[in-house]
Structures are given as C-alpha cells and as structure tokens.
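Note that the chains take the letters A, B, C, D, E and F in the order they are written out, and that residue 1 is the start of every chain.
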Amino acid sequence: MQQLGTEETQRAAAFLAGEIRKMATRPVRLMEVCGTHTVAIFRAGIRQLLPPAVELVSGPGCPVCVTANDFLDTAIAYSRLPGCMIATFGDMLRVPGSSTSLMAAKSAGADVRIVYSPLDALMLAKENRSRQVIFLAVGFETTAPAIAATVQAAEQSGVDNFFVLTAHKLVPPALRFLVESRCRVDGFLLPGHVSSIIGEGPYRFLTQEYDIPAVIAGFEPLAILRAVYTLVLQLHHGECRLENQYTAVVPPAGNPVAQQVLAQVYETVSSRWRGLGVLPASGLTLTSRYRRFDARQQIPVAVEPMRENSGCRCGEVLLGAITPRQCSLFGGPCTPESPVGACMVSVEGTCAAWYKYGTGRWNL
Amino acid sequence: MCLAVPGKIIAKQDLLATVDMNGITRKVSLMLLPQADIGTYVLVHAGFAIQAVDDAEAQKTLELFKELEGYAAAGD
Amino acid sequence: MKNVIQLAHGSGGKLSHELVSAVIQPILGNPVLDQMHDAAAVCIQNTRLAFTTDSFVVKPLFFTGGDIGKLAVCGTVNDLAMTGAVPLFLTLGLIIEEGFSLDELERILHSMARAAGEAGVQIAAGDTKVVEKGAADGIFINTAGIGAIMEGVHISPLNARPGQDIIINGFLGEHALAVMQDRHGLTFPASLNSDCAPLAGLVKEILTKVPEVAVLRDPTRGGLATALNEIALAAKVGMLIEEEALPVSTEVRAVCDILGFDPLYLANEGKMIVLSEHKNTENILTVLHNHPYGREARVIGKVTSQPAGQVGLRTAIGGIRLLDMLTGDQLPRIC
Amino acid sequence: MKNVIQLAHGSGGKLSHELVSAVIQPILGNPVLDQMHDAAAVCIQNTRLAFTTDSFVVKPLFFTGGDIGKLAVCGTVNDLAMTGAVPLFLTLGLIIEEGFSLDELERILHSMARAAGEAGVQIAAGDTKVVEKGAADGIFINTAGIGAIMEGVHISPLNARPGQDIIINGFLGEHALAVMQDRHGLTFPASLNSDCAPLAGLVKEILTKVPEVAVLRDPTRGGLATALNEIALAAKVGMLIEEEALPVSTEVRAVCDILGFDPLYLANEGKMIVLSEHKNTENILTVLHNHPYGREARVIGKVTSQPAGQVGLRTAIGGIRLLDMLTGDQLPRIC
Amino acid sequence: MQQLGTEETQRAAAFLAGEIRKMATRPVRLMEVCGTHTVAIFRAGIRQLLPPAVELVSGPGCPVCVTANDFLDTAIAYSRLPGCMIATFGDMLRVPGSSTSLMAAKSAGADVRIVYSPLDALMLAKENRSRQVIFLAVGFETTAPAIAATVQAAEQSGVDNFFVLTAHKLVPPALRFLVESRCRVDGFLLPGHVSSIIGEGPYRFLTQEYDIPAVIAGFEPLAILRAVYTLVLQLHHGECRLENQYTAVVPPAGNPVAQQVLAQVYETVSSRWRGLGVLPASGLTLTSRYRRFDARQQIPVAVEPMRENSGCRCGEVLLGAITPRQCSLFGGPCTPESPVGACMVSVEGTCAAWYKYGTGRWNL
Amino acid sequence: MCLAVPGKIIAKQDLLATVDMNGITRKVSLMLLPQADIGTYVLVHAGFAIQAVDDAEAQKTLELFKELEGYAAAGD
C-alpha cells in the first residue's frame, strides 16, 4: 500500500500542529482511550508538537493495566500446579500480582509459554495431551473474538486439555463510567482496532448523551494528529460529532462475524478493573455451552488473598484524573525495572510510557 | 490496546490463509473474516484476520494528507 | 557412541586429548595452539593491549547468516576493535552437553576458523568441559581476546564531546530477528540474515585514516538505544538522533510491527557506532562506503551538551522525545 | 523476585547494569573493571605474556575448602603461573541459570575477590549471560587470564631432560574427593578439604631463587599420572616415579579403597609438578617447605631417557610398572 | 589395625621373590581367578618380581568381563523404556553390548544412575514411586547376597517399583569348567572375598579331584606374593593342598547367614558366560517367591539380537588360554578408550590391566 | 572380583551400622552379619558387612610377614 514520504509527512504534521496552535485559545483535555494510541503519541513525540493548552490524557485502554491483581494471582497459582502449563501473550509476563509475577514464577520453574496467537496455545494443548494448558484470555473487543474462535476450534477438534482463564474487558462501559466520573474530558480519541470489531454504534452515547466529541482514529502519527486537530476544531466551533477517520478498517457496523462468534462463546458480566473497581456489564465470561473450557470451573486452585500495592494511583491514572508525575512513586520506587503498579509494566501503560519516553523526567 | 498490522492474503485453504505482512508471512485464521479472498488486504491481530482493509478508504485518507501537506508547502 | 561428545571428552584424559588433536587442532590449529602449554605465551612488546571476554548461549545454534561459532569470534573481535585494538589472539572455552553432536561441533569450529581467519586472529588457548545431559543446553561458548591498541589511537566512551557526529555502519536489528526465525509462526524472507561480522578490518581502515576517532561501540544486546545511552552516561553528554536517518529495513520494521518490538533495542552483531568530530565525517564515510560492512553507513545524529547523560530522538513528524535504555527483554506482545 | 537472577539481568539493559554496578563492581571492582569499556585496555610494555582460559562447571558449587568462584580464579592463575608468568588480569564469563540465587552469586563473587586478592590479579573485563530455567545447571564460570612471564624464565614441558628431579608440593587427590563429599553415602572427616589454592606467589618465589626451573605443571583433571604423561610425551623422555614417595593422605587412600579409585588420577587444584636439575632441588624444596602451599613437598621421582614418552612407577614392593594416562572418568565400582 | 612399614614390606617381598626364584626350576602356570587379584598384581608390579618360569594367568573373575552381550542389550533396552530408571554399579557403564553401551544410552538421554550399594537403588525406587527402578544384579557370591538381602528389604517395605535384572555368576562351576578344559593351570590363587561368603569347602574338588594346589589369598601385594610362593613351594615339593591364607576374613564355613539369604532369594540356573558359553548351574535367578522383583518377568521389552564382536578373543583370555597380547586387536583397534571386548573395559579386565599397566606394550 | 574394605562399627541401630573405614564413615547394613557389634571390625562390600574381621588371625598374618622380613634382613 502506498505511503507518504518523510518530508510530506513532516509538512502535513507541521500544518496540523500549526492549525491546532491557532485554535488553542482555551485549555482542552483530550483522552486517548487506547494504549496503542498512548504509545504512538509518545513514540512519535506528538505531545511536543502541541501547545500547552491542548492536554492529552490517557485512558483505561491497556488490557494489562486494567487487569486486577486477583486475575494474576489466579494465573500464578495455576502456573504452580503440577501438570498445568500457562500460555499467554508476552504482555502479561511482567505484570505484578499481589506478591509476585508470572515471570518470577517461570524463573522458579513454572511452565509458562509465550504465544502470539490463542491458536498457538491450542496447538500446545494438542502437543501436550497429558498437560492442562491454560490460556490467559485478556484483551478488549479486538482480542476477545480471536479467543472465542479458538474455543470453538478446540470444541470442534475435541481437545479436552485446553482451558481459558478469562479477564476480557469491554470499552464502551468503561467510557460510560469515565464520563460519569468527576474527571473532565473534552474529547475522545477512540480505539481504532476495537472499533474495527464493534463499529461506530457503541460510541454514539458520547455525543448524544454527554455532548463530547469523539474520533475513531488510526495509529499513524499523522492520523493521531489529524484526530486531535478534528477534536480541537469541533471544540473550537462548539460542535459535537462522532467522526470515523479510520474508515479503511472500521466499517460503521464493525465485524458482524466476529460479533457473532463473541456472542456465541461469551456473555457479559460485571468485571473488576484495576483501580476503577467492579463495573457492571464490562467483562466477558464463557457461556454455559463452553463452560468446560473455563479454567476457573474445571481446575480448582487455591489463590492467595488479593492485595493492592499501597500508594499506587493506577486507578486515578487510568481515569485521566492525575498524570503519572503526580504519583509520588513515579520514577522513584516505581520504574519499569521494578514496577509498583500495572501501569508501569506494559509498554502501553501510561506510567511506563511517561517514563520511557521521558515526559516528566526529561526535557531537552 | 491492540497491535494489528495489515497484510495481503497470498494463499488460502479453508479458513487458513497465508498472509504477507511486508515480506513476513504467517498462517492466519479467517474464522472471523471468512469471506476474505486471495489478493485482498486484511488486518491481522493475534493470528486472526479481524477486518478487511478497504483500499478506496485508505486511498482517500492518503489523499487528504497530501492535500494538507499541500497547504503546508504553499504556506511556506 | 563415536559421533557424540562423551563425558570422557572433557575429563582431561585421552579422549580429551583426542578431541583436541583430532577435532579441534585440525580445524583451529596454529603454532600457538599447538604448543599445548598450560597457557599460551603471547609476547607483544611495546604495545598497549586490549583484553575482553564474552560467552555465547544463542539458540538456535545455527541461524541465517551465522552460527554460534561465528558469533563467538565476531563478538569478541568486535569488542576488541571497539577499543581501537587490532585483535590478535582469542581463547576458547567450550561447555558442551553430554550427547551433543560431534558433527555440529565441527561445523561450529569450522565456522570459528573462518571468522578467525577473516578477522586475522588466532585461537591461542582453549578449554572444553562436558556436563551431564540436561545440565546445559547443547553448547555454550566463551571467547576471550587480546589485541594491540593502534598507535596514536585513544578510543573511549569518555571522549564523546558535543558537536561530534554519530555514525552507524548499516541496518539495525537483523541479528536479533535472524535468531528469532520461525518463532511465533512467522516466516521471514531469505533476505533477513544476521548481520554477524568481524569489524576489525573495517575499524583498522578507519583508524588508519582517522586515528582521532573519539568513540566506537558495537550495539549488541540492548541495541542501538542502549549503546548510545551507555556512551551518553559515561561521557555526561547528550545526544540527538534523527529517526528518519535510522537505517531499518522493511522486513525488520514489519516484524517489529507484528510483535510489538522496537528495532532500536534489538541486538546487532556486525554494527558499530562511530563518534567523531564533524570534520572527519566525510573521510570516515568514504572508508565505510567502500567496505562491505559499511555500505549503508550514515550519520544518524549529533552529540549535544544537554541533557547530559540522556539521548533524544527527533521523530519523523518533528517531535523530540527521550530515547531510553532497554528495560528487560522485549517480549512479543499483542497490545 | 528480587533475590534471584532474572533474564533481564543478562539482557544488556538496566538490570544488567545494575547487576554489574550493585553486585559485581562493589565486590570485584578496580580501576580497570570500572572503565566499563568494550574491552579492558591493559598495557604491559616490554613483557612476554601468558594468556589462558578455563570454564568451571563444578557441582556442588560449594565444597569443603573452596567453591566454584575460588576455583575459577585459582585454576586460571595456576595455569598462568605454570608458564612462569606473574598473573596480572583475568576476565570473567558468567553463565547463570534463570532463578539462581543472588546470595549464592554474591558468595561466589566474594570468594573470587578473595582469591584474586591473594593471587595479585585483577578482574579486567566480564560478561554475564542468563539462560532459561533448565538450560544450565545453576552457574558456569569461565575465566581467562593474562600474565607477564618472568625475565630469564623459560618454562616448557619440552624442557624435561633425563636426570631432572620431579617434585610435587603436597598431598594428592584432595580436591576431587572434596567435591565428591557425601556422594554414595560416604561421610568424610573434616580434615578432607579441597586443596584449591592460587600458586602464583609460590611459583614466583621459586623462580626468583631458581629461574632455570625446567617444567611446571598443575595436575588438575586427570591427576598426577596424566600430567606426568603429558610432559613425558611432549619432551619424549621417560620418568620413574617412586610409589612410596607419593604423598597420599589416609583419608584419600581410604576413599579410593572404598570406591575403587586411584589417587594418581584424581584432580588437584593446588598442586604443581616441578621439574628441575638435581642441583636445584634443595633450593626449591627450601622455598616450598617455607610456604604454606609447599610444606609437604617432596621429590617423587626422576626424569629418565627411556622409555621415551612413558612413565614408570616403582611400587612399594619393588616392582616397576607403567603409569598410564587416565582413560575416561573414574567411576565408583564394586569390583 | 597394625600394618607393616614400607621397608619391612620391601624386605619381606624381596625374601619371597628370592625364594620363588630359587624354586623356579621348571615352568609353572598359576591362575589368579579373581579380577581384584589381577589388578593388585599389576598395580604392585608383582609380575616384574617373578622369574620368567613362573607365569601368572588371569581367570574369569571379573563379573563385568564374563557378562554376555545379551544382558547388556537387555539393560540398554530397559534404559530406553519411558518410565524406567536403571541403577547400577559404576562398573557396568562402559561395557559394550551388541551395538552400544549404557554410557552411550545415558548420553542420549536414558536415566542411568550409579550406585554404590543395591540399597541405594532401593532408595531410588522409594524416592521415585512413579518410575520403575531396575537394578543390574551382577556379581559373584560376594555381591549376590547383598542384592538378595536388598530384594528381601524391598519386600518387607512393600516397594513395588523395584526390580532386578540378574546376571550373577558362581565361581566354583567356572573353575570346574576351566580345569576340565584343555588349558593347563598348575595352581590357583582363589578369590578372598568370594571365599569369605562361601568358605573353603566348594574348592576342595580342585585338590581332591584334580590334584591342583590352591590358595585362598588376600589382596595386599605381600599376601599375593606369599600365595604365589606357597603354590610354587607346593609344586616344588610335589604337594597339593588347599590353603587358606586369608583367615582374617575367611572362616572355613564362610558366612552362613549370607548363604541362607542367597538360598532364600535365588536359585541356581545355567548361565551364559562371555566367551565360555552356557555353563550348567553357574548362575542365579530369583526363586518363584521373589519373581515379582524380576525385571525380565514383570517388564516386557524388545531386545536387539545379540551380536558378538568379531575378532574378540575374550573367551580364550578368560580361560587363560591366551594372553591379551596374542589377540591381534589388543592395543590396536582394542584399547580402554575404545574397547572391543569386555575384558578391555573393566579396570579388572585382563586385557585392560595388561594395557593400563603396560604388560605387552611397555618395558623399562 | 569384589572390592571390600575393613572398617570398625562405631554405631549400630537394629541392622544398620555406622562403619568407620580409615576415617570415612558410611551406613552399612548388617543383614548379612546380624551378630556384629559396636567396636568390631567388619569387611564392607556394596554397603553390606559381609564378614567379621578376625583380629587374632590378622595379627598372625602380620607376625608371619615380620618373620619373613626378619629372614630377609638377616640374609642381607
């Protein structure tokens, strides 16, 4: 596919940044909900192009960050059961639970495998019939259908040693919680890839019920800058629209097949979000039909009592209520090498991004 | 939130496609995008094709950026 | 029974001697190795010496563009070269798992011999240990090296000074991805090879023409970003790197996009960073561009005075942000 | 999580740096190590050099009289000393299994520091690799060393000549049995310790008094018998050893009787064989007897002209028979 | 216990050697039956003290050497069975079977453990209840009672995963075969430690039926020299007696308790001796009462067809019919590093002793 | 044929003795020599005491060797 040259890109970026600067007559707070947006913003240095009045705050859009300790504690407990093998996306390995991490459990001898696809985990189950292979089913609407399809594939191929430990999260309920909380957000950058599954519809309440403009955006630096520009422009003109700027992969209705698979395998439940508490209808669990793939139902395990890391303000960070810099642990006791909270672990975590890309600890 | 990359389907057998992502190939499931055919671009996430890439829409976005760049160049 | 390494190969008895005389000596032998002394007596009068070591535990042992043997020679040769030394002698420490294929060992040793030949170094002494099945993973290799530092050359990370140009000799991240071949179901194109290469000859050419080069460093584990940070920290200088100038191939970029890696943190085994005053840049680039290991060389940034100890990256869209050291290993991720 | 080595300790990133700066440097640090260069620049003008390496894979890691760290220093120091060199610098290559105790690592490093202090050597460069759980057995250590060969000294196995006395500096087989502690249900007395010791100081004293010493060798793996054979083969001389003169302690003799071992094939780590003209013997023994590592020194035989390349042993009852090299490892046996 | 000093020993040895020389007026062939004697003779350099007329030949007294290939092949086959662990004295590891050795099988991943005592093997079984631990029950009358007692201990402690693979050999039947074969032996040095179990009685046939003098001897060089002296003396005077010179540990009746344990656990069977063929009543197998500890009975395994190494003359060496030097492979294709026959493997093997201690390849 | 070494019983519990063999100790089974007591010397093979060492007989052998040595010394 065709791409823009470097100089063209720079000129387009400069134009957008210039226009934003012109319109930035009053402070606005824009939230990128998606962690991949957060990373792209930091990596591309987009913040440095924006005027001080335009503040970008990060939302609860990193699946690792929003996963609560009890899920990790359960996964770690399973990893220590003889006969169990944990298969997981690499993202989860370093996340601290109440007292340790999967990485540390692995170092101590647990069999933890990193996979790129849930289908690779299913393959592990087929190759290790005497083991119980437990896949850590994390992720938002983008990832959940892939795992749901894998569960269906497991059923079709008659594999009986493949299990999932679910901690999926849904984006729209979190957004609703956010806008109803006391944190001010003037506009939303909506997650492009989640949207490619769920489409535009589920975001309509933002404009219709809460009068907050929102843009579904891609992940190229220029796409993000354009979305920021669009939001600033709407706010400048007092408008409020849901705009889809990622039409290349986000049809208005999303992916109906994926939605169907999701509805067959999973049902909506209330779910614990790190720092936000339990939000109604914000998570997924296996429907009764697929319960035999549910690790929690099929493999009993004793899990340590959940403890939250005292002093960690991940919850407020995830709501955009504070910036990481306002957490007294940031950059001191809490660094990516020795993270206190989950937001410091994932590359997509807000605190990690702030730290790694220098905001709050570096100025040229 | 969700890393996903576009790639071109270069082979397909039932619901298993071989996708070329800028020279890197991988077997990718079409369970979530069963209608995708050889030659089309799809968005790949966690080993699954999760959407088709709409060429015309992609082109439109590119045109828009070129336009912006044009404004900038003119403004120089 | 004959084609595998046995415990006795490492027991110091006859089989050990046989292993040395029938396998190692014919491939790597030279007058120094053939002395079979407790330690090789290497006499280098009036010469400043460089002395270094590295262990190699790479898996798979054989990958596109190299193998553990080539790596073990190039790694240490390059470390010597990065101090402005002409590498002269290596030692070779083998730790081999019982049951390891003798054929593969020979393949590895041949590869070392070739790399040593190209780099102009001799294996001066060696040691072989065999451990029980399960106590190691195939083979581990340690090399240590000494070299004579060239006259008039004073390379040190402490020499980094504001205003100097930062040069890299080619594409980034290829070694790390070559050894990752076929993991996670990915199939790489034939064009993606490890960059593993001995840089001693190239360094000698550069230093002969420009002895006043300030800093050399090979961005191996931890990648370019980590190596630059190490220099910035040591010399208490800043750096500004231009993202658009960084040489990253389409294939490496693609794998990074798929697995969520950053090419600036991927290991290289045939790359070096050269810091030198701007007036020397043209001369250095001329040498580089005329050498097979420098054809894609380019200036990627400049040493600055501020912020001391940190590295900045000017992005493609014109923002400037911190380019930090690597934290932990990069793990493939989906979010 | 904090007290074990993690993969990231070896990834070249920050944790690796921390491991070096917070653990390795405080213990082993010196001006050379602290340069943190790609390779240590060691300048020794006008000096002949010795250069050697050894990997250490001993289990258990800690044994009576030493540990793998002490061994890794003494082994290489002794190999250097055996060439008539004053050991100066070592490199240190660590291969550590994921999950290895940091405490034990520190204990090992402390032990290395002590041994290095006694031997008068500095760790000049190092490397740490961490491998996955199960891919190595705890820790493997490689050391390489360089030393300056003393002026007027020309040690070589080729110097063995008929008529020379063969001297050993003390009791045989103690290291091999110390690391075998508590295997096969045997309990050893506290008096049975590894002889592991750095012999560089002792060698320097001997060579200062008798620079014309012909041959030095440390009978490590393969034991005294193998080391003597190596010399005899290299110099094409014969040797006649007196069984009754061989220093073997009651405890070592007892273990050998029980398990069917021969003490002449057991590894030593603080022993050396000295070959020299008979006229020097008294001088050499005087130095030895006044040094803690030579109190039990004695002449154990003579170099002969025939049979070339072989070693004979005159037994306690007056027979003379071949004393061959070790073949394979000695295995405990009941018949 | 008190011992003789070095000089006293040397003088006593010199005296005995001198007397032997005086009496050695005609060639005599004396056989040390026991491999431990063979090694002691070579290690002490006793041959070098004897006049050429007094020839010492070695008998079939090394349990490793007389073990036929089919036993090793079976052990190796077991070592490759999943779930099996082989426990063995160190002696057996390097012995070549038809196509490989246990050492090589171990290198290739088989779980082979070296033990000092059969009780250690029983302990391994207790510590690894999910494995089948097979102990290689080799040895003469000295060793067999220890293994028999271990089988009884296994029964008492109710261990059901401990098995033995028997290849025991009995000394007196081999001696009878020897003296009835065409090889001339003028006198026997009888094995001291076998005798400590079986006593003097089983050897009486040597003097009574075959007029061959015999001495039960200890293993100190001086004790061996004394036994040689005694045999030469008897032959010189035309006498023929069974003498027990190892009375410190060999009572005339041996060890009745050990004999009883042996009789409870084992029964006599014909047995294949390497090179000698199958000799009647020369081996031991478990009695029916203990059959459940018999690996062959309890654990089915496929074993490769037995092949003998062509050219190896172990059989003749074991009979004292030839010296190793007369084997064309000795020291060439057959060395301890790469043994062709079993006699070159064990430290006690005649060929190995000849090679290691230089006879036939070294002369000062 | 069979390596065996003498050692002194220094402790005993049921049929398990601790035997000192020139300073090296090991647990040794007395199943084949149940009557052996603390303080006596036994011959140890493969973890079992297989015989008692008869002190008087051992002494006799020693005396004999001394006698021989005496002849030799006299003959010098």
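The rule is simple: contacts are C-beta pairs under 8 Å (C-beta built on N, C-alpha and C of every residue); 3 or more make two chains touch, one makes a residue touch a chain.
Please read these numbers as outputs of a predicted model, since none were measured by experiment.
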Check: Given the touch definition stated above, what is the smallest step count connecting subunit D to subunit E?
Finding: 1
Checklist line | Mutual neighbours - chains that touch subunit A and subunit C alike | finding: B, D
Next item on the list: Work out the mean Cα position per chain and let me know which chain is farthest from subunit D.
Entry: B
Next item on the list: Call it same or different for subunit C and subunit D: same when shared residue numbers make up over half of all numbers used at their interface.
Entry: same
Check: Taking each chain's centre as the mean of its CA atoms, which one is farthest from the centre of subunit F?
Finding: B
Check: Which chains are joined by the largest number of contacting C-beta pairs?
Finding: C-D
Next item on the list: Would you mind pulling out the distance in Å between where the CA atoms of subunit D average out and where those of subunit F do?
Entry: 36
Next item on the list: Could you please state the distance in Å, as a whole number, between where the Cα atoms of subunit A are centred and where those of subunit D are centred?
Entry: 57
Checklist line | Distance between the centres, which are taken as Cα means, of subunit F and subunit E, whole angstrom | finding: 21
Checklist line | Whole-Å gap separating subunit B and subunit D, where each centre is the average of the chain's CA atoms | finding: 63
Next item on the list: List, in ascending order, every residue of subunit B touching at least 2 other chains.
Entry: 1-3, 45-47
Checklist line | Touching two or more other chains - residues of subunit C | finding: 7-8, 14-15, 184-186, 258, 260, 327-328, 333-335
Next item on the list: Could you list the positions in subunit E whose residues touch two or more of the other chains?
Entry: 9, 14, 35-36, 62-63, 89, 116-117, 120, 139, 143, 222, 337, 348
Margin query: Show me, using the given definition of touch, all chain pairs that touch one another.
Written below: A-B, A-C, A-D, B-C, C-D, C-E, D-E, D-F, E-F
Checklist line | Residues of subunit F defined as touching subunit E within the complex | finding: 1-4, 6, 29, 31-34, 41, 43, 45-48, 50-55, 57-62, 64-66, 68-69, 71-73, 75-76
Next item on the list: Within their complex, state which residues of subunit E touch subunit F.
Entry: 1-4, 8-9, 11-12, 14-16, 18, 33-37, 61-63, 89, 116-120, 139-140, 142-143, 145-147, 149, 152-153, 191, 193-194, 196-197, 218, 222-223, 226, 245, 247-251, 255, 257-258, 261, 348
Check: Where on subunit A is subunit D touching in the complex?
Finding: 100-101, 103-104, 106-109, 337
Note to self: Could you list, by residue number, the parts of subunit D that touch subunit C in their complex?
What the structure shows: 7-8, 10-17, 35-57, 78-80, 82-83, 85, 89, 91-95, 124-127, 129, 131-132, 134-137, 140, 142, 144-147, 149, 156-157, 216-218, 220-222, 226, 230, 234, 265, 267, 325-329
Check: Which subunit C residues qualify as touching subunit A in the complex?
Finding: 184-186, 238, 240, 244, 258-260, 306-307, 310, 312-322, 324, 327-328, 331-335
